[in-house]
Structures are given as structure tokens and as C-alpha cells.
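Heads up, there are several structures right after this.
Consider the two complexes below, in which subunit A is the common component and subunit B and subunit C are the respective partners.
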Partner chain A sequence: MDISSIFGDFTAIIPMIALLIGVLIVPGVHLGLKKPTATWGVALAVVIVSLVLNVILLTGDYQGTTLDMASYNPYSGLMILLFQIVLFLAVFVSNSSIETTRNNTGTYYALMMAAAMGMMFVAESSDLITIFVGVELTSISSYALVTLKRGDSRAAEAGVKYVVIGGMSTALTLYGISMIYGLTGTTEIAAIAAQTQLTELNWMFGIAMVAMIAGYGFKIAAVPFHMWAPDVYEGASTPVSLFLATGSKKMGLGVFFQIFLVMFVAGTACSAIAGEEIRYLFAIIAAFTMTVGNVVAIAQSNIKRMLAYSSIAQAGYILIVMAVMNDYAASAGIFHMFTHVFMKGGAFLIVGALICAGIGEKISDYRGLAKRAPFLAFAMMLFLFSLAGIPPLAGFTSKFFLFSSAVGTVDGATSEWVWLAFVAILNSAISLYYYARVVKTMYVDKGETTEKIKVPKIFLAAIVICLVAVIVLGVYPQLVFNYCEAAASFLLP
Partner chain B sequence: MIPIEYFLALAAILFVIGGYGVMTKSNAIVVLMCIELMLNAANINFVVFAAFNQDITGQVFTIMSIAVAAAEVAVGIAILLNAYKMRKSTELDDEKLTSMRW
Partner chain C sequence: MFIEYTWLIPLLPMLCFLIIGFVGQKTPQKGGYIAIAGAAISCILAVLISYEYLTGDAYPAAVTESIHWFTIPGGFEINVGYYVDGLTCMMMLFSSFISTLIFVYSLGYMGEQGERRKRYYAEVSLFLCGMLGLIVSSNFLVMFIFWEVMGLCSYLLIGFWSFRHDDGDEASANAASAAKKAFLVTRLGDVCLMAGLFILLGEFHNLDYASMFDPANIAAVDSDKITIAMLLCFGGVIGKSAQFPLHDWLPDAMAGPTTVSSLIHAATMVKAGVYLVARGYPLFVQDANVMLFVGIIGGVTAFIAATMALNNMNIKRVLAYSTISQLGYMILGLGAGGYLMALGIQHGDAALIAAGTAGMVAGCFHMMNHAFFKALLFMCSGSVIHACGTEDMRLMGGLRKHMPITSITMLLGSLSIAGFPLFSGFWSKDLVLDIALEAGDETVWFTVLWILAVITAFMTAFYMFRMWFMTFMGEERENAQHCHGESPKSMTMPLVVLSVFAVASGFLIMFGLDGIVGIEYTGAAFVVGGAETEGFEYFSELFTNPYTYLTIALALIGIGIAYLMYVKCSINPGKFNKNGESWLYKALSNRWWFPQLYNQISWKFGYGIARGVDYVDRQIIDGTVNGLSGAVVGGGSTVSKMQTGHVQDYSSIVLLGIAVLSVVFLVIAMITGGI
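Moving on, here comes the complex of A and B:
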């Protein structure tokens, strides 16, 4: 079946249109039926329709453009798939979680789908205007999502912090974009890259770069712009934390790839903006991000906060791509984003499931968990070991690709980024300490009770999906890595 | 005709005032106002560059960013209201709004 013959010119944005329809009808379903489960069912059906449409497009190697604004290509198709998986996991468990709102389910699902739609538009755009609007659609929806955990004072505090810091990052980004626009007279990234090759490096370009890197650095929580992330992930309800930690952050990294990678790799033809300084800047940001994330994570006693710091560190690993800047690194970075969705998503799902069963967020609450919930403890152990990079799990494979891209080029010559790979490997060793501490708490420490705990079936199903993905991607990475390579070679021809 | 540097200087001064306010003010509503100031500095930049380059894209971008800023303030004020109901404070350096650290 040829899907583009059905939807015509709008084929490129059909996954988003499906979600848009969902955004519009879900509040209506909520108001009409007043049943949270019915609203959840409709929302989940819309997400699955969108997912299926995108899988058909992606496996059919569809490429096309809608309205000169959104173009579907191997890269955007893969990123859209990633965002849809995140959205599916978050929506799937929301109805069973006791943390999510029971009164405003329509708003909740509509906001979540709108945020995912913003991410998808970002993945499809090649123009600074659409990237800006997409990022803002995601950000503004997620401010409201965080605060929707009604009657919780930590959520209220997290919402205030998120909106203030997010607003400031928007202003910084916009100022940077305005400088780029003034310098080049265009907002298309390819045209900007062509223009900046011809001009000399000047102060205006410098201001623009600093403002844009800082602005989007807030979105991916790169050090030193990371302080909002732990507060927000701790304050939000766990499905929303999952959505933000795995989805929103990937959108920011995608923006980094689409703007800076494209701009500077295309710009290497010219010596004026060869990007050597910028590459060192990114390398330093990456090194600091992973080190600070991992070191501060050691001191945390709240597991959601610990996972938040670990996800800051993971963003640091992915930022290696911005220093190495070749297509092997880019494909490894995209692959690490994929595995990170499943391992971090799985860890957050277990935290959410245990909260539903009445177990708190403190790491000390997990004492003796192996006796009380053997499967959950085992799954948590696998997810944490995967995050630390223990073979044969997915985290090991993707980290291996990522770090090996920093160590050497394909022809065997050693690259200048060996020190960065060294820092990254040291950091993996540090991270093993706090992951293993959780495992020790679960398996070695004695709990106060050995009473078995029951968690909602939906959560178990979602955890099993993540667990299967973590193991399969660990042993058979080609399943996704081939698509990652196609995406990277599209991004950096 | 007024040279372009004057406009850019105006925008830069507005941006710096806004940034200073965000970093030093403790009332969250004032901070939101300062963020608006920073966004408007960028808008002035866009309009000026559009006018001097004879290009319409910058003006389109300004319309987009004004809409985004309006949405952001609407959501921001609602969030502040919610925080005020929970914690009886909109002061960002207040004990009531800084329970989570590190």
C-alpha cells in the first residue's frame, strides 16, 4: 500500500496530524464521558495510530516535504519514532498511576500529545522559525504538565522554577537567532551554513553562538545550565518525569544536531569558521556535564533526583558527538538516545509502579525489595546496569559505539578526542558506584517486611516492553543502528 | 535615517536590563516581566534587521515570538497562582519556594 497516495502533500506531517486530532478530541471525550479510562483509551488509540503511520513511512523509506516547512527524511522519521515511543510509554501508564490527575485527564493527555507534537515538528524542520516554535510548543506544554500534579507543593515549586528558567532560555535563544538572522539575512539552516562559510568570524556571530548554545543548553540540561532538571523531575508525577527526561531532552539534543552539527560540518570547508574552537567548547561542556552529573548523583538520597542527575550525565555522553562531528559519531549518538529511552524510561516506570504500591521515592525505602518484588528488583538492576554500561545490555552497546567514535577514525588513526573518551569512561566507572548502591539496597539490605507487593498490571507490561528492548538492542543493535546510520548520513552527507 | 547601531544598542541595553532583573529580582512576577523585556529586545532586533535587509522573514518571526511570549506568560502566571495557593509566596528566594536544593 502506498501511503503517500492517500494523504497527498500532507504525508510528511501525517504522524503529527494524527496527534493534532487527538489533542482536539481528547478534552471533548473527557467532558462528554467524564470517565478517565475512556479518555485514556482514546488518547492511547490516537498515539498508536500515529505510531503505526510513522512506522509505515519509515520502513517504506518515504521522503517528502510539506509546505516547504516540514520534511520527512530518514533522520526525522527516526526521531519521530523515538518521541512516539516515549509518548506511548508515558500515556500507557498514566491511567494506572496514582500520581497523575484524576480530574483533568483530558487536559493532561492533550498537553502531553501537544508536547510530543512539538518535538516531532522540531525533528522535521530545517528552519530556525519552525525549530523555535516547535521547541516552545513542547516547553510551554511541559510547564503545565509538571504543575498538573495538583495539591502537591513540590510540583508547584518545580513548576515555578521550570517556567522561570525555561522563559529565560527562550529569551536567550531568540536573541541568538535574531543575531544570526541579522548576520545572514535568512533563517534556513542550510543557507546560514553556506553564508557563514563566506563571512569572517566576527563578534556578532560569537554573541549569537553563545546565546544559542546557552539557550538550547538549558533545554538539554547541560552543565552549567542544569540546575532546574533535578527539581522538575522530582516535583513532577513520574510519568511526566519519564516524558521529560527521555523525550524533551532528546528534542534538545536533536536541535543541537540539526543546527550546530549541520552548520559547522558544512562550514569546515572554510577556515574562518572551521569550528575548531566551537568543537573544543562542546568537548568541555560535554566533559563537565558528565562529570558534574555523575559526581552529584552520588550524594542523592531521592531516587528520582538520582535518575535526573544520571540523565544529565547521559546528555553529556551524547554531547561527545558535537566534539567529534562525524557521521559515525552522529549515528552512535542517535542510537544512544534510543537505548537511553528504554533504560531510563524503564527505571522511571519502576519508580512510578512502586509509588503506586505505596513505596516512597527515597533510596532507603527500597531496602529488601528483592524479597518483596523479585521481578521489579531484577528489572531495576538490569536497567541500572544498562545505564552504567555493563554488557550485554543496550547501554553497553551504545556507549561502546559512542566512545569508540571519540577514540579513533575508521582508518585506524587516533583522533584528538581520546581524552574525552577517557573522561567518559572514568565517568562510567563513577556512575557504577551509585547504580550499584541501589542494587545493594535492593538485594543485600534487610527490609522491615517481606510482604509481597502488588503493582498495576499496566506498569508491568510497560516495564516488560522496556526490558525486552534493553536486552534485544544489547545483543542485536543492527535492528535500530542501521536506521541510525541512514539518519546520520542524511544529516551529514 | 537613523543608523542601525542605535537600534541594536537599544535592543542590547533592554536585553541586559532584563537579564540583570532575572538574576537579581526575587519576586517571580517581576522575573517574568524581565523575561518579557529580554524577549522584546530580540523582537526589536528582528524588526530592525528585517527593515534594513528589506526582508519579510524577520517580521514573521516577530509575530511568532510575540505569540509564543503571550502563551508563555499566560501559563507562567497560572503556575505562579498555583504556587501562591500552595505555598502562600511568590518570592523566589523565600524558604517556601526553595525546598528542593541540589
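Moving on, here comes the complex of A and C:
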């Protein structure tokens, strides 16, 4: 069955349309039935429908464009799949988490789906303006999601910080876009790339680039635009933290890929700015991001903050792609985004599950966890080791691909980014320290009680999904990596 | 139809390992039946697959199927899959069959171990999984992974009795150190093997047998690299198959349960090394000197190990030395055949290549026969130990009356290993000697090795019957007097079954086995199996060969001397060794001082280096690391202080960041001359 014969010109955005319908009906379901579980069921069904539609499109190698605005291609299909997995995990556990506010169920699911929709639109865009709109849809929905945890002053504080810094970033982005538009007279990325090849460009272009890097760097929490992240991840309810850390961040990285990779590599770069300067800039940001993320993570005593800093560091690893700028690196980066969804998602899920069971967020609360919840402790250990990059888990494989791209094994010659790979490997070593500390707390330290912990079944199911993915992608990466390569070769033909 | 399920063969024992590991304590016999079922089903599957393959259309071409596993940048493709040819069939048949019998035997032998049986059955299942996986895998990497699985299991099983370690029990301490020794010594070989595989991967860009054994691909590769790689791979064989000079771990490995020894010596582990040589034949024969080295190591090992068995008093150790010695025979056969084949390929001489094929047949054939009779001998010795509670032959004697089944089956095994005419060991041993002598026409080295091997045949007959007579004949000594009779059915039944094979498996050579396991080189391909079989010509060939009568005579003399010394007592062994005072006796008792040599090397040399490294590590590296980690942790707290929590500070840092980035950008642009 050819799916495009059913949806016609709108096939390219059909996963988003499914979500849009969900956004519109879920609040109604909530008001009509007043049953959180029913609302959850409807929202989950919508997410699954959207997911299935996208999987059909992706495996069917569909390519198409809707309204000259959103185009479905191997890259966007894969990124949409990633956002959908994140959305699925977050929605799936939300009904069982005591943190997720029950009285706002309708709003909660609608906002989350709207945010995911924004991400998906971004993935399909090739124009600065549509990217901007998509990012804003996600951002504004997430501001509300963070503050939805009522009666918690930490959530309110986090929300305010998020809005203020987010607003500033939006302003910076717009500033950058307007300068680009002023210089080139277009907002379409491919056209800008073509333009830069012809014209002698000046420092204004550079400033515009820096403004845009700063604006979108806020989304991926790149240093020095990362300050909001730990506060927000800590303040928000855990499913929302999961959603932001694994989804929203990936959108920011996707934006980087779509704008800068396409502009500087696919557009074979302009004569004035050979892309070299931007690449150094990215290399510096990447090095700082991973180092600050890892070093500060050591000092954290709250596990959510620690995971927040660790995601900052992970984003730093992925930023290596922006320095190396070839298709192998890009496919490695996309693959790391996937593995990161499962390993970081799994870690957040365990934190969320334990909060439901009355265990606090402090790392010291996890003492003796191995006795109280052997499976959760074991799963947490695997997720953390995967984040640290220990074989044969997924994190090792994706990091291996990423770092080897920086070393430059592709064409046999050593690349100029070996130092970046070195910094990254050093950082992996540092990260092992704070990951292993959690494992030690769980396994070696004696807890006050050895009473068994009961956590909601739904959480266990979600954790098992992540665990299986972390192991399978570690042992058999080709499963997803083939798609990543297709996506990367679409971005960088 | 079955052949597509070859991958199930290693997977079934793996499944048993998981089931027993997780819920074994709740099942009868603590997982014993599950382990037996897993091995038995694997064995049946192996039979079905072998039948289908050998009668199928594809035969003799190897049937292989693999899926892509991962790609290493630079065009290195790694696959995972199965590879079935005549050699695979023979190996998986005898491994799974003997393992099944050993597991059945374990019901009786390990019956009194209570909860510990769970650990035992789980580990032996994993062990079997390692061996079968190694046999059916389609490339060197997967083979190496299973090779290491076996390494791990041998460590765990040899150290099985070490659980009393904390109480200062001496046997436990021995078991623990034997396990460590086995692990470390074989590791030395594994490192070589790994290095060899790296070189091969670098040259061939994959490790699949199917493409690496293609003469066209081999020709495209630098032959020096192959020589080095194969020498390194043979290092792995030296470790795993306990060849000189890394043979010393195997006698110590006797510290494990006897069933484990039986498994290691007959069905798994040490056979892996021999299998690697046989499997890698197309690569090994690229250089005659590599094969000469292989042959020398094999011949020397066969001789040295046999000498050490001459005066040992421990029933299991005698068997251990005999295993090393017999492994030496196999390696010698493969080496001699490979040497001839290598010369044949070099000079384009078809006769030499055919002789090489015979060498491969001799080595593999001896491996199979040895598997049967050595499993039998070990299980018999286990039965004796079970009944007497000691391993010292000086405390046994006269057990023939108490343990009729054990004594007869062990006699059959001993006749077989001693090379008594028509028993299985006779056929394969004489084939090995034959091929060594033939290789002696090309280089005098092999003539020397042939002489050593013939002397070894004499010693084998002597020490095996010394063992048998001391155990079952003569007066009843200390422990034999309160021996509690024949072992239970679950132990004697496998003995009887195995003794049939130990006696008769040699006849297989006349029914086409040589055609199945021999490797043919046609110039365009290396093909295992499908060759013409000599059938009953072996019979006439052997019995018209004067050298055959020489070895038969030597074996009979060996048995006779043992009879005179230990039954008739008309020759006093003390006369020869000056009552244990002679230099030679001491040398043999001390295993030619190999353990001391190892210790000297590792203490003087290794420990010296270790101390130096330790100094550098503690003072310089640790100092740096501690300093750095102090800086990192301190830096962490400092930087996290910057996280004030004030949103004003956050925004100013963002703006500061933009300013810094802009400046950096402009500076870089100016340096590179972009603007």
C-alpha cells in the first residue's frame, strides 16, 4: 500500500498532522471524561499512530515536500523518529509518575505533543524562518511544561529562568537571521550557501553566525549558554526533564546540522569564509562544553543535576561533528543522538521511577539500592556505563564512531581535529568518575534498610525498552547506523 | 533443512547456561538434566547437520552463511555466521557427543556437591557453548570470542574447588593458583593470537574464512605478513593446546574436578588449538618454515611430556602428561603434512600436496581418536578416585576385583593410547609417524622428530601400563583396602559407551573419514573433504610397512617392561633411578625444572620490570593523575560556584560568551586572512 496515495501532498507532514489532531482533542477528552488514564490512553494512541506513520514513511524510503515548506527525506524522517521515541517514552510513563500533575493532564499532554511537533517541523525545514518558528513552538510549549508542576517553588523558579534566558536567545537568533537576510536577501539555507560562494563577505556575516550559534546553542545547552539546563532539569518533573534532555536538545543539534553543515559543506563554502573559522569556533565550543559539563558534574550531589551536566557534556561530544564536518562524522553524530536517547532516557526513567517509590533525588539516597531494587540498580549501572562509554554498550559504539571521525580514519589521513578527540577521550575518563560513584553508592555503600522497592510496572516496561536498545545498539549498531548514514549523506551529498 | 540452523548448536548450551544460572537451584540435580539435554540436543542437531551436509549437493564446498555485524572505518567488514565443512562436522560431532557423556557422568561424580552443582553445570554448559561456537563460527573474530569464552570457563572450572580458600585449605589454594596459572599462561598465547589476527585483518580487510582461504585473495597479500601472522597465531595454539614451552599449565589444571579435566582434555579447550591449525591450514601452508616450526614444537612437546609421565605417582597427572604428549603428535602430524604441502605448492608438485593432505588427515584423525580414549581414561580415573578417595597410585593397587567395569574399560583405553594393533590410537599414531617420516625425506629435521616420536610411542606404552598395573593389579595398598566398590550406573554407563568408541573409532579411516577431513588444494581453491578415500588400502599399507612393526614391537616391549616392574616385580624400578636419587629422576619429578624456570623468569625478570613500572606508576603517573584529579574535582566545585542561581548572572554570562566568541572568530578570521 502506498501511503502517499492516501495523504497526497500532505504525506510529508502526516506524522505532525497526527500529533496536531492529538493536541486539539486531548484537552477536550480531559474536560469531557475527567479521567487522567483515559486522557493518557488517547494521547498515547495518537503518539503511536504518528510513530507508525513515520516508520512506514521511513522504511518505505518516501521523499516528498509539502507546500514548499516541509520536506520529508532520510534525514528528517530519522530525526522525526528520534523525537517520536522521546515523546513516546515521556508520555508512556507520565500517567504513572506521581510528579506529573494530575489536574492538568489535558494541558500537559497537549503541550508535550505540541513541543514534539515543533521539533519535527524543524527537522523538515530548510529555511531559517520555518526553523525559527518550529523552535519557538517547542520552546514556548516547554516553558509551560516546566512550570506545570504546581506548588513547587523549584519548578516555578526554573520556569522563570528558562523563559528569561530563552527569550534572550530568541532575540539573538532573530538578530542573526535578520543580519543574514540583510546580507544575502534570502532566508533559504541552500540559497544563502549559494550566495556566500559568489559574494565577498565581511565580518558582519561572522557576527551573524555567532549570534545564531548563541541562539541555538541555548537549546543544546552548549557552554557558555548552558546555565539554565541544570536548574530546569532539576525543577521540572522527571518525564519533562527526560523530554527536554533527550528531545529538545537533539532538536538544537539538528538545527546546527541543518544550518551550518549545509551552509558550509553542502554549499562548498564561500571564498571569504572557507568555513575554517566557523569550524574552529565549533571546536572550541565543543571542547569547552564537554569539559565544563563533565567537570561540574563531579561536584553535584543531586542526581538530576548530575545527569543534566552529563547531557551538556554529551552534547559537547556531538558538537565534534560541527568541527569535523564530513558525512561520516554527521552519521556518527546522529547515531550518538539515538544512543543518547536510550541511555540518558533510561537513567532519567529510573530516577523518575524511584521518586514514585519515595526515594529522593540525592545521590546519597541511592545507598544500598542494589539490595533494595536489584533490577533497577543493575539497569542504572548499565545506563551509566553506557554514558561513560564502556563496551559493549551503545554509548561505547557511538562514541567510538564519533571520536574516530575526529581522528580521521575515514580517508586514512590523520585529521587536524585529533586534539579534539584527545580532549573528548580525556573527558570520557573524567566522566567515568562520577558515573562510577553512583554505581559505588548503589552497590558498595550500605543502605539504612534492605526493604524491597516497588515501582510502577509502566516504568519498568519503559526501562526495559531502553535497556534492550542500549545493549542491542551496542552489539549491533548497523541496525540504526545504516539509516544514520543515509541521513548524513542526504545532508552532505 | 537443518543446516540453516547450525547457529543453534552453540546457542543451546548458552541457553542452558542462562537457565541454570538463573533458576538452576529449583531444578532437579541443580541443572544437571538441563545441561545434559542441551548437550544432547546439540549433538543430535550436529548429527543431522553433518548427515545433511555430507550427503547434500553442496559437498565438498563449505556451506557458510553470515550476516553483517559491523564495519570498521577504512573498509574492514566484520561478519558473524556459521561455516560447515568436513572438519566442522567431525569436530562438532565428537565434542558434543563426548560432552553429553561427560555431563551424564557428572550426575554421579558431582552428585554429592549439593548447591554447588548449579555453578558447575552452568559453567560446563558455557564451556561447551564456547567450544561449539568456536567450531561452527565463520570467521576468526567470532572464533576468537568463543576461544576466550573457553579461557574464562577453564579458569572458573579449574578453580572450582577453591571455595575453601579462605580457611587456609591447601587443596583450595592449589586449585586457585592452578586456575590463575591456566588463565595467565594461555593468555600469553591469546595475546599472540590476537596480534596475528590484527595483522590478518589489516591485510585481508575481513576475517571470514570463505574469503581468506581463497588462493586468489591470499596471493594478493604480502606473504611476509602472512608468515608473521601465522607464527603469532601459532603462539595462541601453543598456549591453548599446552605445547612446549607453555605446556606447564595443563598438569596443574588437574586441580579441578576430574570431569572438568576430561572435558578440557578430550572434548574442548586443548583441541581448540589443534583445530585452529587445521582450520587455518590454507594460511599456514603459505610458508614451509612456519610449518617446520609447528612440526618441531609438536615433536618436542610429544617427547618432553612423555618423559615427565614416566615416574609420576599421581594418576591424573600421568594422564595430563599423556594428553600433552598426544597433542604434540597431532601438531607434529599437521606440521609435517603442512610442510610437505607448502613445498608442494611452492614447486607445483602434486604428490607433495597429496602427502600434505594425508598429514592433515593424520592430525585430525588422531585428535578425534584421542578425544574418545582420553575422555574414557579420565572418566575411569575419576571413577577410581571416587572409589578410593586419593589420586596417589602408590595407595591403590588390586582394584581390578573391586571395580571390574572401570578396570576393563580403562584397559581398553590404555591399549588404545599405547597404540596396540587395531585399537584406535594405533591407526592414527602410525599415520602421524608415517607422515613425519615422509617429511624426513625433505629435511633432516623431520627425521629427528620421527625418532623422537617413535621413542615417545614406546614411553607411552610404558607409562600407561605402569599406571594401569599400579592401579588395578598387584597387592591392595592403603586406600584400595577400604575402596567402596564400583561406581554408580550414571558413571559406568558412559565408560562402556566410550570404550566402544575408543576401541573402534580407528576403523572410521577405512570408511571414508580421510576423504571428509583432508584438505585438497587444486590451485584455484582449498577444499576440505570430497577427496578420494583410500579405504582398506590403509590396512595393507600399514601392515606392509616395516616401521609399523617397529612401533608395535616398541609398544609391546613398553607394556612388557611395565608388567615386569609393577606386577611381577622381577625388575626393581629403584635400580634405574638409584631409589629416586638419580639426576634424571629428579629432573623428571621436577618437570625438567620448567616451573622453576617460569618462576625465575617471572620473579627476576618480570618482577624487576614490574617494580620499575610500579615506581613510575606510583610516583609519576599516579602523582600526575592525583594532581590532575585534584584539579578537576576542585575545578568542578569552583565552576559550580559560578552557577549562582541568579538569572541575571546567567544572562550576563551568555552575553559575555557571545562577545568572547565574536572576538575569537574575528581573530581566527584575521589570522587565516579570511577578512
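Side notes on the structure shown:
Note that in this section the second predicted complex is superposed on the first by the 487 of 493 C-alpha atoms of A that agree within 3 Å, B and C clash if a C-alpha of one lies under 4 Å from a C-alpha of the other, contacts with A are read in each partner's own complex, and residues count from 1 in each chain.
By definition in this document, a contact is a pair of C-beta atoms (placed from the backbone, for glycine too) under 8 Å apart; a residue touches a chain by one contact, two chains touch by 3 or more.
Note that the structure is a prediction, hence the values are computed from the model and not measured.
Of the two partner chains, both subunit B and subunit C are touched by A:168. In the superposed pair of complexes, A:158 makes contact with subunit B only, with no contact to subunit C. In the superposition on chain A, contact of A:213 is made with subunit C only, not with subunit B. In the superposed model, A:476 lies in contact with subunit C only, and not with subunit B.
When the shared chain is aligned, subunit B and subunit C each come close enough to touch A:296.
Within the superposed three-chain model, A:132 lies in touch with subunit B and out of touch with subunit C [touch as defined at top].
When the two complexes are overlaid, the chain among subunit B and subunit C that reaches more residues of subunit A is C. Of the two partner chains placed by the overlay, subunit B and subunit C both lie in contact with A:230.
After overlaying the two complexes on the shared chain, residue contacts for A:144 are found with subunit B alone; subunit C is out of touch. Residue overlap on subunit A between the subunit B contacts of one complex and the subunit C contacts of the other covers 160, 164, 168, 172, 230-231, 296, 299.
Residues 68-71, 73-74, 629, 632-633, 635-637, 639-640, 643, 645, 647, 649-651, 653-654, 656-658, 660-662, 664-666, 668-669, 672, 674-675 of subunit C touch subunit A in their complex. Residues of subunit A touching subunit B in their complex: 128-129, 132-133, 136, 139-140, 143-144, 147, 151-154, 156-160, 163-164, 166-168, 170-172, 174-175, 177-179, 181-182, 185-187, 230-231, 234-235, 296, 299. Residues 160-161, 164-165, 168-169, 172, 202-203, 206-207, 209-211, 213-214, 218, 223-225, 227-228, 230-231, 272-274, 276-278, 280-281, 284-285, 292, 295-300, 328, 397, 401, 404-405, 409-410, 412, 430, 433, 476-478 of subunit A touch subunit C in their complex. Residues of subunit B touching subunit A in their complex: 8, 11, 15, 18-19, 22, 28, 31-32, 35, 38-39, 41-43, 45-46, 48-49, 53, 55, 57-58, 60-61, 64-65, 68-69, 71-72, 75-76, 78-80, 82-83, 85-87, 90, 92, 97-100, 102.
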